[in-house]
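Next come two complexes, and both contain chain A; in the first it sits with chain B, in the second with chain C.
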Partner chain A sequence: MPRIPHPAHRDFMRLRIQPWLFCAPLLVGVALVFLWPLVSLFRYSFQRVGSGYIASEFVGFDNFRFIYKDPLFWKAIANNGTLLLCVPILIALSTILATLLFDRVRGWRAYRTFVFLPYIVSIPVVGIVFGYLFQKNGLVNSALGSIGITGPDWLGSSSWAIWTIMAVIVWKELGFGVMVFLARLISVPEDLFEAARIDGAGWWSRLRHVVLPQLAPAILFYAIVETITMLSWVFAYIYVMTAGGPGNSTVVSEYYIYQQTFQNTVIGIGAAAAVTLLAFVSVLILARIWLTRRVEALGV
Partner chain B sequence: MKGTRRLAIAAALALLTVLLAVAAACGGSEEAAPPAAEPPAEPAPAEPPPPAESEPAAESEPAETAGGSGLGSEFDVASAGDVNLKLWWLGDLEAPGIEAWMDQMIQDFQTEYPNVTIEATTYDTNTWIQTQQTACQSKTGADLWYNWSGTWSLELAWKGCTVPNEEVLAPADIEANANVQETIWDGKGWVLPLYRFVYPIVVNLDLIEQAGLDPNTPPATWEEWTAALAEIKAAGITPIALGLKDGFGGEIAAAGQLEKQWVNQPDDIKQLVIDGDFSTDPGWNAWLEKMFELQPYFNDDANSLTFAEGLALWQNGETAMVFGAPGVQSVIKAAQDAGVNVGLMRMPPFDDGEWAESLVQTGQGFQVTQWSENKEVAGAFMAFLQEPENAAALYEATGNFPATSNWDPASASSPTDQQMLEWLGEKGDAYWAANYTPVDLDVNGTFVVFQKMMAGELADAAAAAQVYQDVIEKWREANPGTVENFQSWLGS
Partner chain C sequence: MASRAGAISDGALRVAGPPRYWPGRLLKHLVLLAVVAAALVPLYFMVVNALKTDQEYLSNPYGIPRDATLGAFGDALRGGELGRWLLNSFVISAASVILSTAIAALAAYPLALMRWRPGTWLLSILIALMVLPPIVLVVPLFQLTADVEQLNTYRSVIAIYTGLLLPFSTFLLVSFFRTVPRELLESARIDGAGHLRRLWSIVLPVSLPALATVATVQALWVWNEVLIAVVFLQSEDLRTLMVGVTIFRSRYHLDIPLVMAGMVWATIPMVALYLLLQRFFIRGLTAGAVKG
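This part shows the complex of A and B:
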């Protein structure tokens, strides 16, 4: 006589196990795409990587020791740190522009398009165009020269190059922040602004007491996303605009990883740097999750 | 409820564990290989064994036939069955005009041997090294690929990814190409050069005349040269064009003109790499001092221009001179066609190395990969490219000098080409110095030093030399195996 499963057991199978079974092929696919490279990365970071014909050699923490005492690695991290200054600038500019657009100033739709346009232009195109504009004898300095100002070598001087790149990044990324903030403001009940106006609040008071508190979750989201961008998503700007120069003054951690892995072909050292960068970014992602929960808990 | 959640978590963890195990197993092939001895003294006998330290793989064993090796030009391609040959290279990026020539060569070869199909794929110079490394890692890809001489190609040989010329070419094919010095290692050649790049200084004689100098009397000494540069500058003309943003301009100035001056033989450079001190080496410091002497005579925006943009300054008649680079013949021809009176000169000597007065040259060509199942056909195609009429067609198409002695230098059609060929034969061979140093020394040494010098961020030659020393110390630490390879390369 066939054994009939207990109804509770049947429910358990149907409700708990079945969904996992259905998802399993996709999970396996996703894990192979994301997990395998990660595992390989960690593995390489502890190896002197060979080739298809020369075996790899386990070297323990030597690769990490190498990068931690390499001044160029720390220079790269410092440059990422400098680029982090973009984040408060982006937040401030995005807030101001989003607020102005939210007030529906004359022609706001056109302004919104103009502000967002740089964000959809590809980074290599931006890099090449600004690379030309900021040549020592380029258009920017020609324009400055016409009003009697001698411009610097924007991308050819170690003291200017990283700041010039920062300016380009801000120009490019600003549109995203404005759109995020504007979308958030549009979702805020109009009553709040109306009440503030009735109470006689001026533009500044509304910004401080209504807009900013309402924007807090969006600001937090944008800040974290841009922070991660400045740490691990600026390679294309550097590669196209300066190739890390002049004199390695604009090398960032991603570029350092590229140099070690592909130019010097010391894959293990590149992997160790990548693992370190991954650790930094992971901490930031965890911080974001924690902060988001805190903000939600505070009921903002 | 808690129990089911625990179960779900356990299931997910189990899945992760399985995936990790799969990943580790799949990625573990390298570890599964026989333990690597230190290459190249005792390289890893992984399958197939690295060519230089072990017997050639069975499939690449030269098939001895009566009267020859049966390889290269002697190989019976028609008997090889259906073959699809994959060729990877940089095409016109390296030698403008060469793609049309190669298309013709492929067509001719396929017509002669209908059983062979050749697929040529062009890659970008910026991603070339990683393309090759990735192919080597996966043991798949091209049957033969383009490469530069020296460390560029030997790095791949040391990793066991390519086979020596001797395994794919007949002795006669190899003997017909005397330009293999830069890739001789372990008694074998690892690239068969197709053409040679040469590095003169290209001069706009009209501007020289405009500066009040005699265009027919090039400076013979360093003092005369710097005095001439000062006069050109005083006349309001930028003396030398340079583009450093992508680094290549620095490499071309250093390896093409300056570094060679103290060198007597390639081992001088290799030894410096292995255990020398760049910061105190008198030869190395001497050329860096001269680099600083030239600094006022480069265009002041060199750091914000790429190499090509720097070259364009000369092409637009904005500078008097430019350091010759790959494809110099086509640059000269274009200028001449535009009515510019072009002259050539060699960097006047400032040191007493045997290479000091020679014109620098370097060979570029093809290597056959270790994993190729059609090595013999690849070798036959390489030999075919060097046949007399094909070499002549190469010169016609690109202006570059074919490396094979099957090409008659007397057929050089322009006075500037004849001048360069005369110089090449006059003072003995001098090679591209950067072919004997690690890539790191270029990227983090030469690129950086030139950029910093132009930005005014290096005090003097000693500070520049220290940059090189710092780079090489890091490189030695990160690449102990390659240091040993350099050691074994001495005397080759």
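This part shows the complex of A and C:
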């Protein structure tokens, strides 16, 4: 015989209190690693942060005034802006490659494995190996030399270094895009593509009228994720390949914050720059939440 | 060029089905092969040169080694530091992955399977935190860690990695837990199993692939992380492998086979994991786009 329904107070325990208990460790972790640091960050950005026996001191907007007058800060922002050019390149290449793989060419699984491989290899290893390949007399320039082109000093010249880093970022991030787009295409009902194929639509018209509309949510997701990456997840590339040089030509906002905080130990200045970066990125973070909710609502 | 070739064959081979498309197929293969080649060039350079002696590298920097030697691999480990860094990375990655998966699984249960209003809000917050720039957190975290005198400790870094992984892991597990068949949970409920019991003996066992997915993605992230490792582990013997390889490079940068052997050591664990558990990697890394 089924038992009589639970008494009211047990229902209350189960429905109101238990979820909080289950989430308690998560909430503690999030509070410790995200919320408390964020609150402190805002506090530091208005302080000259002391250490040891030197007390911290409230300085109003001085830190912000300093960074907005610092040409290096703007140079860093501009470099992040340049890196944003990777995003359309990545989207275009990923679309083409995902479409090719989706056509189930023979051996597509093997191709997929290798295309995705760069995304697995760590940035320091990638950066170091590319550092050798892009040396003035490295593999890249030898290859160019054999067809009669004198290559530049890729990472050693202040006008080329940021572009070289862009190439490495595209090399590494491309596999991720291909994988995301391919996963999306596989999740679309097969008959849609079949219909287009039977209608005799060519590669281009299938891409334009069937594939791209189906890919749209994945493209939007990838665009947002990569934009956030270019603005705020490229520290390791810079740290390993150029350390911001030559002549500060590859300093990005993360590296600027790192230098101010950990090399010049002016934590207040670093915090102010971090708050500024956060302001830029938060728009994108909101876009990301909106997108996730929309995709969920569609039930894709 | 390509389209013209396509048109010609179109007319000539109308009867035979598949061969009609062969120039198109060839072109597809050429494009894919070019991309694969580009993807493999650095890895090729790394592996072939790790197999050479220093002398051979000087005369033959790009070709296949004439007589391959594993000497550089041994030399790379001989200093002892690379092994130490490998161990550090292993301990830190394993501890953070286990902790964050456990915490995330516990939290994902009510978020995915209970009707709980604050859960929707919590999930939105987690999505926002997932993409928060790490540098923004590192500045205050460093100060806070220094205040409690925990710089240069395993536990501070493990705590930070665990915390940073939580939003992603929880979010992913929520979307996987939602696919657990409701009938299973319902029958457990009728049998009188509480929520904790249902999580432990129903949700977790059927979600093993999901847990593997989350764990592999987390492991990849922690193993390859640089910024936090640079800032929080400054003493030489606590370095993780990823920071270690940059030290290794600057110390031996003239002996390229040695440096490349170090790079291969640093790459093997994750590439091996990837080749073994490919579907988990792919599922985990693309989950955000395809499923919410």
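In this section, the second predicted complex is superposed on the first by the 259 of 300 C-alpha atoms of A that agree within 3 Å, B and C clash if a C-alpha of one lies under 4 Å from a C-alpha of the other, contacts with A are read in each partner's own complex, and residues count from 1 in each chain.
Going forward, a residue touches a chain if its C-beta (ideal position, glycine included) is under 8 Å from a C-beta of that chain, and two chains touch if they have at least 3 such contacts.
All of these numbers come straight from a predicted model, not from anything done at the bench.
Quick check on the superposed pair: does A:40 touch chain B, chain C, both, or neither? Answer first, second, both or neither.
Both partners, chain B and chain C.
Looking at the overlay, what does A:72 touch: chain B (first), chain C (second), both, or neither?
In the superposition, A:72 contacts chain B only.
Once the shared chain is lined up, is A:257 touching chain B (first), chain C (second), both, or neither of them?
second
Have a look at where A:153 lands relative to chain B and chain C in the superposition and call it first, second, both or neither.
In the superposed model, A:153 contacts chain B only, not chain C.
Between chain B (first) and chain C (second), which, if any, makes contact with A:271: first, second, both or neither?
Touch partner of A:271: chain C, not chain B.
Determine, under the contact definition given at the top, whether A:205 touches first (chain B), second (chain C), both, or neither.
The answer is neither, since A:205 touches no partner chain.
After superposition on the shared chain, which partner residues are touched by A:55: those of chain B (first), chain C (second), both, or neither?
Touch status of A:55: first partner only.
Let me test your reading of the model: by the given contact rule, A:32 touches which partner, first (chain B), second (chain C), both or neither?
A:32 contacts both chain B and chain C.
Check the residue A:82 against both partner chains and state whether it touches chain B (first), chain C (second), both, or neither.
After superposing on A, A:82 lies clear of both chain B and chain C.
By residue count, is chain A touched more by chain B or by chain C?
C
Go through chain A and flag every residue that touches chain B in one model and chain C in the other.
On chain A, the overlap between the chain B and chain C contacts is residues 32, 36, 40, 49, 51, 131, 261-262.
Spell out the part of chain A that touches chain B in their complex, as residue ranges.
Checking each residue of chain A against chain B gives 12, 16-17, 20, 24, 27-28, 31-32, 35-36, 39-40, 43, 47-58, 66, 70, 72, 131, 134-138, 153-158, 242-243, 245-248, 259, 261-266, 269.
So in the complex, the part of chain A that touches chain C is made up of which residues?
2-3, 14-15, 18-19, 22-23, 25-26, 29-30, 32-34, 36-38, 40-41, 44, 49, 51, 96-97, 100-101, 103, 105-106, 111, 113-126, 128-133, 139, 142, 171, 174-176, 179-180, 182-184, 187, 203, 217-218, 221-222, 225, 228, 231-233, 235-236, 239-240, 253-254, 257-258, 261-262, 267, 270-271, 274-275, 277-278, 281, 284-286, 288-289, 292-293, 295-296, 300
How about chain B: which of its residues touch chain A in the complex?
For this pair, the touching residues of chain B are 4, 7-8, 11-12, 15-16, 19-20, 22-24, 26-27, 30-31, 33-36, 39, 43-44, 46-50, 127, 129-130, 133, 136-139, 155, 159-161, 244-247, 300-305, 370-371, 438-440, 443-444, 447-449, 451-452, 454-455, 457, 474-475, 477-479, 481.
Flag every residue of chain C that touches chain A in the complex, lowest number first.
So the residues of chain C touching chain A come out as 24-25, 28-29, 31-32, 35-36, 38-43, 45-46, 61-62, 100, 103-104, 106-107, 109-111, 114-116, 118-119, 122, 124-144, 146, 159-160, 162-164, 166-167, 170, 190, 192, 194-195, 199, 220, 223-224, 226-227, 230-231, 242-243, 245-246, 249, 256, 259-260, 263, 266-267, 270-271, 274-275, 278, 281-282, 285-286, 288-292.
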